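Presented sequentially are two complexes of chain A, the first with chain B as partner and the second with chain C.
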Partner chain A sequence: MSAAANGPPPEATNKPVEKSEKPQAPAKNEKKSKGEAVDPTNAPKLSGAELKAKAKAEKAARRAQIKATKEVVKGDAAAPLGPGQSGPSTGDVKANKGKGKQDSVSGTNSGAAGKATASKGSTPPAATEPKVTIPECFSHLSIAKKSAMTNADKDVHPTVLVLGQQMATFAIDESITRLKATLLAFKKVIDSYNTPPGNTLARHLTPHVLNPQIDYLTACRPMCFSMGNAIRWLKLQVSKIDPDVPEQEAKKQLCDSIDSFIQERISVADFVITEKAARRIVNGDTILVFGRSTLVERTLLHAHSAGTRFSVIVIDDPYEKKGQVLSKTLAAEGISVSYCGDFGGLRWHVQRASMVLLCAESMFSNGSMYGRSGSCDLAIAAKALEIPVTVLCETINITDRVATDSLTYNEIDPERCSAASFRLLFDATLAKYLSVVITELGSVQPTSVPDILRKLEESN
Partner chain B sequence: MATDDDVGPGSRELPIRSNPDIESFDIVKTYHRLLADDPDLTMPVAAIEALIEALGASSASTVFETMDLVKAQSERLSDAVRNPIALSHGTDLFQQYLVLSLKQPGPGGKEASSHENFEVVRQHLLRNGRLFAARAKDARQKIAEVGRRYIHDHYVIMTHGGSRVVETLLSKAAESIPGDPRRRFKVIHVMDEARRGPSEKVIAALRARGIPVAAISEGAVAYAMSTVNMVLVGAEAVTANGGIISGMGTYQMAVIAAARKKDFFVAAEQHKFGKTFPLTQFKLGFQQDVIQFQAKPKEGQEAPTPVENPVDYTPPEYITSFFADHGVLLPSAVAKEVLDFLF
Partner chain C sequence: MAPPKGGFAPSLEKFLDTLKSRPVEASVELLISLLKRHQIRGSEPCAIATAHILLQVVAKDKWNDVDQLLGRVQLIGRKLVAAQPRELVIANIVRRVLGLIRDEAEEDRNDNNDGQSDVASEIPPPVTSVAGGTDSPSKPMRPPVLGNLGNFARTQSMFNLLSDPDTAPVVWSNGSTPRLGSGASTPLAHPQSTNLYSFRSEVIDGIEEIMDEIKQVDEQIQAYSEITIHPGDYILVHQPSRTVQKFLTRAASKRRFTVFLTVDPSASLASEDPYASFRKSMASGGATVVTVLNAGLNAYMSRVNKVILGARAITGKGGVIVDAGAATIARAAQEQGRTVIVLGGVYTLSPESQFQEALIEWGDPSKYVNFADGSMVSQVKVKSAVSEFMPGDHVDTYITNLGAHTRDHLHTLIMDHYKEEDIAFDFYGKMQR
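Showing the complex of A and B:
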């Protein structure tokens, strides 16, 4: 669902884009970097040939963009784009700072990036996306940036460098997968850490080693709530370490507690949730799911292998199309699946369902669900037809923040972002549209989510 | 409690470790015997008492063994009955109670999660086996005290089924207590034609106390609703979201009451609260086989028998408040309490 950003009418789409481009001769622009957006000066009066050229350039730009997105994982990133946005956890203080940095960097960057590509022999460094200015009123929303690895702080661990790129390109996308990858990367960071003489681990590790990693990851893509929760926990663990404990032992302690954290809060949690959710599926059910999420997929497969006979309706996110993967997986297992590529005829699909199964990116403590954008539309449609909406969510994803709309916390899709419009990655679904939240601690109504949070704090 | 003494004095003598062979102990039979012996006993409490007897019959001597035993016996009990919701609320509560009391510091305030504390808890349970039942009956009196404040003179109260809590509440409201005069109200009792027995008992008991009662059929609920001031029902079990599982017909009354903007109250003891969280009528966790499609009867093909006492699920949005033994609770407060006690 793209949100129309603000004032500029559709026909003016190109103008703000141009402004932020560096002034370049149109011919040179087209030849040299295919990725640049169309030259502005063409816009007013277009002859046939010019139109053709424009279309060609646009096509090339699109292609280069796709290519670049795929390549960034390898590290040949382009200049950072957009004003520096900080994650949902950090507010928008850095906005100006980020912008300044970006300007200074972009000059030197071409050389560095060029070197990187030369050595790898891959595509030329294309400015992957038109730089756009997000209107002031939406400037608090964050956006993933493909900042070059070379811009990273010197203390950033190689594993974290790679992870950051994977996150920036959405190769690692789901909240819980990102969390797990982060924790595993931090384990390596801790493992390769040596306390400099004259310092203690408990005091040195967090500010001098962990924070640069976290800053880098946040710069690549704003942290999700679960990462925020886990990092807070990790910092607490670090600070709790007795200064008298030998370093090796302290590191082992930390790694062990990270391991058990992953085990408890992710692996076992997923297992328990899958089990619980699968038990809610009975013979003859028709389960409606949205896009693809690991938890939902595992639940459906689990229920199927337990011998329950049910069918699935996959409504896909038209921008991501991951539901196709899910449909294929389910169909290969012998589950009858019907697939719908977008929200067309939503009501008709929903009324065939006996349950809607969603996976939450996060749960707010007023019971709102933070999920893939489109979840809210689905939940409202289901509520209108009195079809129960079941939400799967690990407790690590629960945040103590509150959201009543989709604009307080959100992320802009870097792939679909222009000055005239941008797409939001997430939306918030109010508690009244949800029936039950299944966590590893138990199944509760959405408004009881803060009680779960309290319960968690008590047990810790 | 005087009432306790005349119910099955034999069952007071719990065999403390005289019969170490748990295999010979039949928890299902014990459960049904307890229910049959005492018509005032609710299912969750009967399940708890059956578990205590199982504990007495076993030779489990460690915490782990005991928890294992309680779990296994609970499962056996749930598997043996068709509608296990109410009794599973009882067994869950008992397990939680065991866990909590074993966690507590032992006598003398010292940390004693050990054998010693376990023995204390075990002995306490076995000696006070009937305490649960006594407290459960006490709870009804408390609910009656809590609920009478909501009943006013000239009220018409609609009720349903053979709930003992509702019967106690209404009977008490018709009596005067010091400082609080008796209420003059009328009762419309909705009769389930298929199961007249329990309803007739309640009607007779209320009429004996001088309360005017009208018995109507289930089809007349919507017709009668406009004359009603409040609806008051009991519940078999209270779910984790503050809904209720109750005799078939309750949901229908709740929907009609909501449509006519009447208050819908539920009288339920705390031990009926549990972790069940149904989403729809057909996902209660067991098959009721109430709806059976049939074209023409086929030879040799037995239709599944419908459950003996069918129930339905009333979602929390239809419920105004709960009268519980420790106060009047909103459905959301019930949800919070369940979370606090049982998770």
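Showing the complex of A and C:
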């Protein structure tokens, strides 16, 4: 007994907190794959004392996420209880403890460990990401969870699986690119879909096929507003399908409407916006841009190829440095570019500009712009110097939500979110700092954004 | 840039070490080159170095009267300012030493008035850079005096007309030195030699007091932290200087609050955290430090209560020279009505008024752009600011070692600390921009 009692604590003290958490992630996967069947078989075996011990161990594990020291204390407390259990279930308890504190219990325990985790379903989801600590005051904001592929529902289509990972790693980052990729992936999902007998496509596709894909994508990275808009549209299209239409035809119909949606709301929209914005650039202008966005880049290249002579100031986010890519692209085309890696001397830079060109991640219906973090500071500086701020935004990015500050809707950068650091990806720029919003339906005052929304609703 | 301790690159410590063993002229030249090469940088090191070199000038140089000394200090001051015109503190310290010398001279003269009648000239000290006065071995160029006017002598100077005669000499924080000592030489009929000797030691004492003042700034400013920071506050600091760090640390010992810390993005990639000890002391005090890795901080402003910035220099009209990026933060804070507090010693307060808003110190462009990146280097103009000017209307309160001040009050502080004729003195006259 004494050996058993003394055994675990030193181990527990040696293991850093992160290690104690790690096993839970794989264990969870196991649970998922085994399904709920494991749970009932496990449950009746437990006596009251066991449950108590288990609860303690669970509690210990949970506390471990918060504080290493506390975990050690609890582990100690739980340890003496272990050996006191009735014979048949000791393995179970051990597994529980082992899971809490130890990476690899001996091979005999592996099955038990699986069971134990199954009963451990109550652990908060935060356990999967032990390193992420979000300051209390920002805990309401969303963050990309980097949900592992193996965590996904079995119904998730392989294309979507890959897309989710690309989004989680920010390989696909811009709102409009994410939207396009999502729609194309969904097209494939629909393409490979077969309505099970006894169901209709209109009733079955959305809840049983589309929703798991959406859930997985959301788990990988919170959806952007454009994706939300498009998915709502897609679901509407699915529900509109006449149950009498043969499946093949229905699928073709859906794919066609997705294609025309992409064409209409993304490709043509981009083209129209680029065209319109480029026309606003005149000879001798100095355009100030922030970071890199496809739309802005295309606008500048378009204006240049149309023969307008202008120069560009690129202000960059020092943590992303995407502006360097833009600078190189523009410079290679022969546009005179100056580059500033951070907001030092921002006023001086803005003073030299004749127009500030920003790309919106989204527009709120009160005219606020949801853009890359830092856009707002730029817009304020421009406003103070009375330099016009032009925003480029596809209408699909417009949301009917309202934000008056940057902390209502925002996303935390998962790459730079730890105990020591924190970063927001976006900020909201109030309408008063913006001059004009260029959308494919027209250039409007930022406060008139809701009118565009209404126009869109009417046309649908 | 900062060399490792014990490295070969010259630093302030090394400069101060060699100060005693070198001739003054060589030390001046060395300091000039150090300043030019930014090997001594930052307000405090620059101020300390300037004070030390002027101390050497006063102590070691040959000078026979006050004007000669003033001229000498002015000349060296010009050279130093020309070497590093962006460090306003250099000119500040030179001005204060000049003021100190004038005060001491005045003291002397007042004390000597009764016994002396040979002082004829009422010409104020020449403001030229010439180490002049070679033609005046017997102090004819002493600050204005008319032998028979006794106590009113001081008010006779045109230059002093504008300053309050009652407060003028009381410049130093405790003002003890100017009053003492020189009295001993009063009875002498020809006081030059002895007088000069005690005069010299008076000035040296005064300069040492200035140095003490500079060193005590952090502690004195700290005292205001509890009034400024309240429990539960969210404080935003931008690349905090030691002054700001100490200020927050003191508050953390009493209160629980949250600090949003922005760091130099290029430094944040380095393995060594420059704020590690700061974090530690804050954590032990119960304050939370969150490092914010954003360039634009407007997103956080709805949460932040106060923005605390360290000043490199404060100008008389309230503008502040700050680390690059701070102006944008202050601007964002002002837009949302958050309090912006600037910390800085009185020695950073500069009477300089010719500062343009656009005056930005540009620095090493390889901070963000790798020099190996050919297409960037050859085709793109890369700019990287080190410090920038922040207009006074972004700032709500200035906290110096003398207390909290508003923008309108800064002018009074300047008048308290510098002499009118030194404020007017143009350090930049011969400077080639």
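The working rule: the second predicted complex is superposed on the first by the 323 of 460 C-alpha atoms of A that agree within 3 Å, B and C clash if a C-alpha of one lies under 4 Å from a C-alpha of the other, contacts with A are read in each partner's own complex, and residues count from 1 in each chain.
Going forward, a residue touches a chain if its C-beta (ideal position, glycine included) is under 8 Å from a C-beta of that chain, and two chains touch if they have at least 3 such contacts.
All figures in this text were calculated on a predicted structure; none of them were measured in a lab.
Participant: After lining both complexes up on chain A, report clash or fit for chain B versus chain C.
Facilitator: By the criteria stated at the top, chain C and chain B fit after superposition, with no clash.
Participant: Once the structures are superposed on A, label A:355 by its partner contacts, choosing first (chain B), second (chain C), both or neither.
Facilitator: In the superposition, A:355 contacts chain B only.
Participant: Tell me which partner A:280 touches in the superposition: chain B (first), chain C (second), both or neither.
Facilitator: First partner only, chain B.
Participant: Please indicate which partner A:405 is in contact with in the superposed arrangement: first for chain B, second for chain C, both, or neither.
Facilitator: second
Participant: In the overlaid three-chain picture, which partner chain does A:435 touch, first (chain B) or second (chain C), both, or neither?
Facilitator: first
Participant: Just checking: does A:443 make contact with chain B only, chain C only, both, or neither of them? Give me first, second, both or neither.
Facilitator: Touch status of A:443: first partner only.
Participant: Should A:202 be classified as contacting the first partner (chain B), the second (chain C), both, or neither?
Facilitator: Neither chain B nor chain C is touched by A:202.
Participant: Looking at the overlay, what does A:455 touch: chain B (first), chain C (second), both, or neither?
Facilitator: A:455 sits against chain B, while chain C stays out of touch.
Participant: Of the two partners chain B and chain C, which one touches more residues belonging to chain A?
Facilitator: When the residues of chain A touched by each partner are counted, C comes out ahead.
Participant: Taking the superposed arrangement, what is the smallest distance in Å from a C-alpha atom of chain B to one of chain C?
Facilitator: Least C-alpha distance: 19 Å.
Participant: For chain C, which residues count as touching chain A in their complex?
Facilitator: 234, 258, 265-266, 268, 273, 279, 288, 290-303, 324-325, 327-328, 331-332, 335, 357-358, 360, 362, 367-369, 373, 375-376, 379-386, 388
Participant: Quick check: in the complex, which residue numbers of chain A touch chain B?
Facilitator: Spelled out, the residues of chain A in touch with chain B are 280, 282, 354-355, 388, 390, 435-436, 441-445, 447-448, 451-452, 455.
Participant: Considering only the defined contacts, which chain A positions touch chain C in the complex?
Facilitator: Listed in rising order, the residues of chain A that touch chain C are 135, 137, 314, 316-319, 321, 324, 327-328, 331-332, 336-349, 351, 373-378, 380-381, 384, 405-407, 410, 413, 416, 420-424, 426-429.
Participant: Give every residue of chain B touching chain A within the complex, in rising order.
Facilitator: My answer: residues 240-242, 275, 277, 279-280, 282-283, 316, 332, 335-336, 339-340, 342-343.
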